[in-house]
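Letters A, B, C and D mark the chains as written, and numbering starts fresh at 1 in each.
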């Protein structure tokens, strides 16, 4: 190997040759992108600039589609962020390829303010709503596939921690294989039943709020005792 | 339990089954959202784009309502952030439900640039000001209720640290139960006395600046000695 | 004291009763605001939306004032951030009032995208430039006074570390007392010599780039040896 | 030295007199700027505001240039961020001048949302594309030169860690000397073959995705064993 030219040495595509990083900087970057994309959603909530005096309340009431879109968009960002925190807690660290997969997934998630604006505009028309559901479904499908790849890659190269609860891990890995079906389904439904597609997408996000925290994270903390006042007043139960 | 199907195992709704996380990633996400929402306020401060040459000073003076709205909005963001730092210092960590409550509260707080823009537009008209006060009151009410829930949930599941000063804790918990009354009051007042409502809302935020730091946080530091120059010049006191 | 009502206990205005926090969360919040305000400057750099095909280069050349304003604004943000990192390295931690002073100073600094936009608009007209210099001077004056207050407060309540180089500390503290004179001067100059005022403001920022790093910060690191290739070629010096 | 005036003491331009900082705060600031600039790209993706009902899908399809520009801009931000994380892992810390070089490089990178918007506008016209390629080439050239300076400065003042793989370091340092040639080339090509220039710029960024992770970072982690299911099925290889 010593006789290779300098530009042929010093790098390798084999994961086993790469030293993993801790999540540190990657977590900060990911948190930044999620926080910004979630907060940018509010930029779309704009009061009409030329409302007649005294008409502000009336005008604000007209923005109902934007409020719904904000709620849906924020839910999606929160659910996405919860998954990255879970991964952070379940993984020993990230190597080069895991980093690239994480960055690719946030490149998709960072488009949420765009798809949310499209959704807000589309809520008044059935055809347009179909378009918006297809856009959101497409983005979500790619994000979910990248995420499933990341999970399986992490396991196959030894980046998963040993002390993750096996039941929780099995549940999470199998779910990650199944859920990409949902955006495919909503894509298909969007042509005839866009509202059904939208509701399914929201339900999928709500599913992402479910607790899977049976693993003690590395910076894990112990609970203290419950407050005495509660323990000594069993009559309240 | 071993004979349950995989999708029935691996998760549980009971908090006692969830391992708490440290605040780490959640704190970074929350800091990001607060920092962004606070900084986005400045986007609303826009100099008129087509001012005649030499008229810039005159035009900027017209923006007075925006400056006030910026100050009020920034105050609100700072006060909200101070509470999350206090919680971080007082809590052992966060579990799944505490995380969801924190995320819900910042979903409300992230709307501050919107309510601030509405307020800036409304400052010139009494009816519109009432609308803006109602909007801000409504959002603040939800945020304060979520925050009170978070406090009581944290205590009941053993996430509060033992070494928090009991007086400070009692004061904070009782205040958290009382203050949601203020936005209810300002909502009611907004119909006839919008300015009184606005002043009360600002005062409530000022109240949030009060010090409650009698607890040594986990990353606590000790003060050094006061500088010699001061100690040796008692005559100045 | 035990017979005081609950709302009279649990808080105190005396700094000595407050446990200092580490810079942790405050540093993250401050970094966030500086990073966002610095990056928002680029939003003002907008290519003309309806340029005729082939005319883009010509149109971009017209944006020269915006480029200068971006450079000045970014310089100001970097210099401000450098001071907060220096403080972080020099201080044991922050207490309640130090936190409030830091938050107030970033509330002023977060207005930089606004003052930068005003400056970009004003660069073509002498009167408007005077207005822009007065706006920037006013904001900078408040920020510098708050910063000097923060320095002296930190020293007086024992938040400064003992191992800061005494010469560097003396230099920094005395400079902090002197520099607020500069924006007062540029304010006065802006009426007749706005360009002189602008140049002085930029020079003041350049001054903030000077190194004062003779103190080993708490997360200090040691330098390694210089590379052998340099040590063995003294002839190059 | 003791008889020097106070304003002549306390600072020094010689790097050897400066105590290096850890990357901590600088890393957070840099992550913030990269995260924001990457996420701001999505602001340029705006659905047409006055699309006729039912025409949303048609209108979105027209935005193809913006989608490409977003992908290119995001790629550039990710590649830039990967280099700062590598530096963080390879360096002992940063001193004053290394900090200034990092801040200068992110001041250039923060302009990516601007150059991306220009690119999106230019994709329809050959002359305009040449302008956009020249703008991007110019910015990238400055950023790459600053980065090469930073690398060599870090080595010469002993800020590089000893345990970086020598082959990886040699490869990286030599590449850093060579790659600034690429934007010079694309600048020249942009006059006659703008598309070739654009493709070369994208390829340069793709090159930045290559793994060079053969060094164990300070917060390094070990890989766990590969999952048993894989090890017991060698037939799959």
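One rule holds in what follows: a contact is a pair of C-beta atoms (placed from the backbone, for glycine too) under 8 Å apart; a residue touches a chain by one contact, two chains touch by 3 or more.
None of the values given here were measured: they were computed from a predicted structure.
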| item | value |
| --- | --- |
| Relative orientation of copies chain A and chain D, as a Cα rotation angle in degrees, nearest 5 | 90 |
| Classification of the chain C:chain D interface as same or different, half of numbers criterion | different |
| Relative to chain B, chain with the most remote C-alpha centre | D |
| Length of the line joining the C-alpha centres of chain C and chain D, rounded to whole Å | 24 |
| Distance between chain centroids, defined by C-alpha means - chain B, chain D (Å) | 34 |
| Set of chain A residues in contact with two or more other chains | 28, 31-32, 35-36, 40, 43 |
| Interface residues, chain C side, partner chain D - complex | 27-28, 31-32, 34-36, 38-43, 45-47, 49, 51, 53-57, 60, 70, 74, 78, 81-82, 84-85, 88-89, 165, 167-172, 174-175, 209-217, 219-227, 230 |
| Touching residues on chain C, where the partner in the complex is chain B | 6-7, 9-13, 16-22, 24-26, 28-29, 31-33, 35-37, 40, 43, 92-93, 95-97, 99-100, 103, 107, 110-111, 113-114, 117-118, 121-122, 124-125, 127-128, 130-132, 134-135, 155-162 |
